[in-house]
Each structure stands twice: as C-alpha cells, then as structure tokens.
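Each of the two complexes below includes chain A, the first together with chain B, the second together with chain C.
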Partner chain A sequence: MLPDFTATVGALAATVAEREQGAGGSPQAARDFVLASFAAMPGYLRPPLRAATLFFDAWPLPRRGRFFHALSPAERRAQMEAWEAGPAHMLMRFYVSLALVSLWHE
Partner chain B sequence: MSEPVADRLRADVAVIGSGPGGSVTATLCAEAGYSTLLVEEGPDLPLDAMAHFSGEEILHKYRHAGVTMAFGNPSITYVEGRCVGGGSEVNRGLYHRTPPYVLEQWAGSHHVDALTPEALAPHFEACEATARIAALPGTPPPLSQRLGEGAMRLGWDAIAAHRLYDYETGRKQSMSATFVPRFRQAGGRVIADMRAQRIRRINGRWEVTARHRSTGSVTIVADALFVACGAVQTPALLRRSGIRHNIGDSLRFHPMLKAVALFDTPVNRLGDPDPVHQIKMFEPRFGIGCSISSPAMLALALAANPPMRARIAADAARMGLYYVQNGTGHGRVRTLPGCHDPVVSVCHEQAELDQLYDGLQHLIRALFAAGAQAVQPCMPGFAMLRSVEDMATLPECLPRKSAMLTSVHVFASCPMGEDRRLSATDSWGRIHDADGLRIADASLMCGPTIANPQGSVMAIAHRNALHAIARRFA
Partner chain C sequence: MIDWDRLDLIVFDLDGTLYDQPPVRRRMAVMLAGEVIRSRSTAVPRMLGAYRRRREALAEAMAQDFAREQYCLPGCDPGAVRAVVSEWMEQRPLPLLRRFRVEGAGRLFARLSASHKVAVHSDYRVEAKLAALGLSTRYAVAAEDVGRLKPDPAGLRWLMAMAGADPSRTLMIGDRDDRDGEAARRAGVRALIRGRDFRHYNDPVFGHAA
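For the complex of A and B:
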C-alpha cells in the first residue's frame, strides 16, 4: 500500500467536517472542492504540495502502522490537531481554509 | 466546451483581457468603427451564472480557483477574476473616483501628463453612465451602519460608498452586464477561453500566438494591440514576449487585515444588501470597511481562530466581518522557463506594516464603540477581545508570522509616465519603444489608491483609448 493523495485530502476534509459543528456541507463535497482547487492552482505549487501531503499521509506509519487516511476518525483528529500546532500549520491551514469554504457554503 | 474559432484571425484592433480596462478600451475602438477582437482567457459566463462569493463561483470565475499568492514575509494571498468581465465579475463593485491627492502624487513621482481631476472628470462621467454607478437607496444594512455608528462615536467620518449596482432590479453590475454588451452591439467580437501566449511585431502588424480551449493553436494578426490581462498576467505576457523595461518590477497591492465583531443584536440577516460603509479619513495610511459576512466568508476569515468560528452556527446573524487595508507590499512578477504561471514575490517596509497594524487597532476601537460584545482579529495566536481594555494584550508590533494578508486589488506593475527610469509606458499607456503597443489595465497605475481602484482603471482606459483612436494608434 502507498500514500494516497486523494484519500488523504478526503480524510482531512472529513476531519474538518466532523469538528465543524453546524456547517451544512458534506465531507465529500468539501473533498471535491479541495481537489478542484488543487487542480486549478499554479503549476509550480502543485508538485511540492502533493509531495508534502503524501509525506504527511505516511507520517503515522512508523508509530501506528497505518497511513493517515486509514486512521480512525478520533486518531485522525488528534493527528491533525498536532500538525496544526506544529511546523505543519501552514499546510493544514491551506486544507482547512478550502474545506471550510465548501462546508459553510451549503 | 466553447465554440471552435478559425486558427487565424484578423482584426484592426485586438484587446487581450476583458476586465474593466480591456472592456472599456475594446468598446471605444469598436464604436470608432474598427473591427475589434476582445480576447479572454477565461470562460464567458453570465453575471448570475452562479451565486456571488460561492464555492462554485470561486472555481469557475477566479484565477487558479482563488489560490494565488505573492511570496514574502509576510506573503499576500490575492484574487483575480478569470472570465469575461475579469475582476468586475467577482468583486463587490464598490466604486470611487481616484482621490485628487493620488493623481497629484502620480503626476509628481512618474511625470504623468494631463492626469488631473479636471482632465479625468469627463472620462469618469462617461464610464459611470454605462457601468451604472449608484448610491444605495434607503437604509444600509445594520452590519454596515454599525461601522458608521462606531466611527461617529469616536468623532471619525464614515461614508457610504457607491457601487456598480442596479438597485431597481437588485442586481450587481459588471463588465459582462454593461460594457461587453455595448461592445457587441458596436460589432465587436468576444473570444473567450483563449490564452495569449506571446506577442510579436511582424511586417508592421502585431501577431498574437494564442491557445484556444477548443481550437488549439490560434494566430491573431492586428494593426493595433492593447494588453489588458491584469497587473500580474500583463507583465507575464510582455516578459514572455521579450519586453522587459520596468515591466513587472513594481506590483502593488491593497493588503487587508480582518476582524470579526460579535454584536448583541442581529446585524447580518439573510437577504440584506451588501454593506457599504467605509472610514476613509485615515487614508493613505489605511482605510477601513465592511466585508461580505456570509457564514462561509466568516469561517474562512476565522480559519485560524476556532473559538470564534465555533459560534458561527448559532450566532452568524450577530457577526460582522470588517477589514483594514493600506498599500504595503512591493512586488515583482517573473516568468520561469517552462512554467505556465508567473511567480510573484513581495517585500514590505516595516513602516507600512506598522501603519496597517495601527489601522487594525483603529478598526477594533470602532467596533467596540459600535457596541460589539467581542472582537476577534483574524490572525493565528490572537485572542478574542472582550473590551477596549483587552487591546492592551495585543502584541506591540504586527508579528510577521501571524499576518494573514489578503488582497483583492493588484496593480501598478507597469506604471505609466514620462520618467523612463520608473515607467513602462508613456503617459497614455504606450509601452516605451514598442511600436505603439499599449497597456490598458490596472498595471498602468503608479501606486496605491487605497480606495477601490476599478473606477480609476476604467477612467484611465477611457482616456487612453480616446487618445489612441485620435492618433490612429500611432
């Protein structure tokens, strides 16, 4: 099994959706919005962002034996909050911001 | 998918870019009897094709789906329109004439000829008639009034800005609803979904190499050419084409800091008109205003402030989003070999960042004076403030790592003027030593206006197009 970009974006969107009380949008729509935004962003930004996302998908592997996208919702949320408080906060803010736009537009 | 076009097109005049500058320019050229092509990289969508400020609109009408950034410390995220009508389709349509002191500054710094309020007045009037500039009839929405009340209690002046808006039909206006139909009526042809890749002068004419979404490679040959792709894409196209003197070296922004206020009563009701109040008395140091405060825009602004964001579900009607903006940030536009998209970098002068932060503190004071129960500066690491006294807990200076700067205005990347050390074009948009090649967009501005620049862009384009037509584009 390899890191999976689409599944990681889906897991991040689902985690944001789960903690966003009252937002009407679905995690699937949020994932699709993030992926569509990613596809439209400047070409020179996509490869490093994809690589960073795959790196973070693989991050829990040594300790938990599973990719981020395969963790339980509670584990994903704890992991994501740890990233948000650490050096990965910019990447997380990027994904959270895009997911929020979709979740709250519904 | 758009209709295919011929792979070779011929016109008297070609205008690349259909935003406020390009649409006005193309309309005047077509009405003067020239066969005119208006080329747009993005799609041709009706103004109301999708809800304004919705995710769908962001994906279809914004360049790069809104994910565009000038890299610096701090970086600035900015948005541009990419559709027929350009930025006018996706902005709120707030409208101001260029302040007289700004015109005086430009005339002095860049030696721009004939750029006085009196000389520009007929051009503003002509554009305002077509673009349907209007004041909000009746009472502004509470979210807007609150800012005005806060300013008044502090002894400050606030104004209600005009907009490109048809208040009779309740419809926002834009280029696709005003100048573009006028252009078509004059016999002009719009070609959407076509990206200009390079331009060159050949046999006394301009040749544009372009790529159309359906047709593929297309060549346009025109006697006269205006580049109006916006302040980032115009310098990118020119630099790709080997034209580089003062091109893309002086990009400017109106970066914003935002704050969300929580009031005791509803201020933000579904169906309210867009807010229009602005505090302009501190310009050019900074200007203050109201933002669209839908739940999505509140959530986006509060992305780094979960405690206030958690209140959106229950309290969105009592929440308002406000901004302060100034002219901090000096940017450059560069193209990279093999890269489709230009790279934008920005650096800041500390004094300008300090002024912006001072502006944020003025905004917070105004919101508390307006009766806010809590104010949340929209930046990571900033706590929710419960009173003016809590402002003592704010950091002394704006922490660069926390500054989440956003801008909806980009301009001044190819300034006009007779001073060749600073300017890319002459006083009328003609690129220096480029055989009559002209720029017709926000790139021509010589610096920030702090006020919304769309009126300036339209009036300067109108002035320069008439100048070009009178000289048969020489």
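For the complex of A and C:
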C-alpha cells in the first residue's frame, strides 16, 4: 500500500464532518468539495500541499503500521487533533476550513 | 413552452441563477483557508457556517424579524457576525462573479429589457452583485427590503405591485425549487428552475424571449 492523496483528503474531510455536530452535509460531499477546491488553487501551491498531505498520510506508519487514511474514525480524529495542536497545525487548519465551508447548506 | 409575449414581468433570482455558485464557493473556501492560517483560528468559517444554517432555519420558520434575528448566533456579538458576513459573503466574492456569469445572461437581459420589465429578487443584497455581474434591472428586491426570506412570496408580490404586473403575466427564474419555485407557486406565478428546466440562457427555452 502507498500513501493516497485522495483517500487522505477524504479521511480528513470525513473526520471534520463527523466532528462538527449539527453542521449537516455528508462526508462524501465534504471530500468532493475539498478535492475540487484543491484543484481550483493556483498551480504553484498544489505540489507542496500534495507532498505535505502524503507525508502526513504516512506519519502513523512507523507506530501503527497503517496510513492515516486507513485508521479507524476514532484513531483518525485523535491523530488529526494531535496534528492541530502540533507542527502540522497550518496544514490541518487549511483542510479543516475547506471542509467547514463544504458543510454549509446550499 | 413559454409564451414570452404574454409576459410583462420577468423576475430573476441572483445567486446560482445569474452566476455559477460552486466555482465561486471553491475559491472563497481557499481564500478562507488562507485567512484561517493567518489568523490561526477557524472562527470565521465556523461563524459563516452557523449564519447560513440560521438563515435556512429562519426561512423554514417564516421568521418575522429575520433582519435582526439572522445575526443572533449563540456566543457571538451580532455586530461582529454582521461584519464577517458583509466581508466574506458580500464584498470578497464580488471580483469573482463576472467570470462565472451564466452563459447568455448579458444578451438575454439586454433583449428582455427592451420588451419586458426585468427584476431581481434575492435573499441577499442585490445591487453590488448585479453591478459586479455587469447586469442592471429596473427593479430589485432583497429579503431585508420586505422582511421575509423566500419561499415567502412577499418579495415577488412587492415586485408585481411595483411593476403593475399580474401573476399570470409574471415569470420567476431561479435555481432552487424549494425557495424560488415555492415562492412562485405561493404567488400564483410560473417558474423556470435552472438545472431542471434549463442550464444557461442560450437554452432553447429562451429562444423566443423578446
């Protein structure tokens, strides 16, 4: 298995959707919106963000033997919240805010 | 089939009807993400999300005093909510709108304006967005002007009174059947819904307009 950008974005978006009680919207819609927003970003920003995302997907591998996107929902949430409080907070804030916008009703 | 000669007043919704909302929202989301990183806080997207949910709830509940109520979010100062909404939902999207104007809108507006009364009816403020889209109309009404959100037909009735138009000679063009379509039904007005009845303004349904 390899780090998987789409699956990682999906896992992050789903974790935000599950955490934001009452925000409405589905994890699938959140994932699709975040991926579409990513695609709409300036070209020079996408490669470093993609690389950082893949790096964080692989982060749990040494300790848990699995990629972030393959963790259970509870494990993903704990990992994401650890990142939010640590050195990955910028990347997490980026994904959290995109996922939050996806949860707005039309 | 629409018999355009039998119509006096054409009322357009704005968001999602005159411009494509998804690409604007994606770009706004990326701008918001930049703001979240700069401010080190997710307060702004959270506040905007709560505001939008509150507006939807107020529309369902047919709230009387929604102009004030919409900014009353738990744990937030209404003045601060008003300022964030103004910046992120009214001002910042403006430069993006023209690029995502629905195909054929400019030509249809020009043609219709010569033969019909054209109006815009939105739940949000109309003037700045319409100007940013490069469009103009004789009549415009926002929810705050009539104190009611769609699907309440108050705005549509107000426009018909202003234009001296009968419901049978009025057409509502929107993108949400549960808001624009329902307001039209309650006012006895026919509606065209974007995404269901047409996709853009070069669609055959507009072929004989004006």
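Convention: the second predicted complex is superposed on the first by the 105 of 106 C-alpha atoms of A that agree within 3 Å, B and C clash if a C-alpha of one lies under 4 Å from a C-alpha of the other, contacts with A are read in each partner's own complex, and residues count from 1 in each chain.
The rule is short, and it goes like this: a contact is a pair of C-beta atoms (placed from the backbone, for glycine too) under 8 Å apart; a residue touches a chain by one contact, two chains touch by 3 or more.
Remember, predicted model here, so these are calculated numbers, not experimental data.
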Next on the checklist: Once both complexes are superposed via chain A, do chain B and chain C end up clashing or fitting?
Outcome noted: clash
Checklist entry - With the two structures laid over each other on chain A, which partner does A:103 touch: chain B (first), chain C (second), both, or neither? => result both
Checklist entry - Between chain B (first) and chain C (second), which does A:74 come into contact with in this model arrangement: first, second, both, or neither? => result neither
Checklist entry - Which partner does A:43 reach: the first (chain B), the second (chain C), both, or neither? => result first
Checklist entry - Thinking of the overlay built on chain A, is A:58 touched by chain B (first), by chain C (second), by both, or by neither? => result neither
Next on the checklist: I'd like to know which partner A:82 touches here: chain B for first, chain C for second, both or neither.
Outcome noted: neither
Item to check | Steric overlap of chain B with chain C in the superposed model, located at which of 40-48, 148-156 or 454-462 | outcome: 40-48
Checklist outcome for this item: After superposition on chain A, the chain A residues reached by both chain B and chain C are 20, 22-23, 33, 36-37, 40-41, 89, 93, 96-97, 100-105
Checklist entry - For the complex, which residues does chain A have touching chain C? => result 20, 22-24, 33, 36-37, 40-41, 89-90, 93-94, 96-98, 100-106
Checklist entry - Mind pulling up the chain B residues that touch chain A in the complex? => result 54-55, 58-59, 64-69, 294-296, 298-300, 303-304, 309-310, 312-314, 336, 339-341, 343, 380
Checklist outcome for this item: Listed in rising order, the residues of chain A that touch chain B in the complex are 20-23, 33, 36-38, 40-45, 89, 93, 96-97, 100-105
Next on the checklist: Residue numbers of chain C touching chain A in their complex, please.
Outcome noted: 16, 21-23, 25-30, 32-33, 35-37, 40, 42, 45-46, 48-49, 52-53, 56, 176
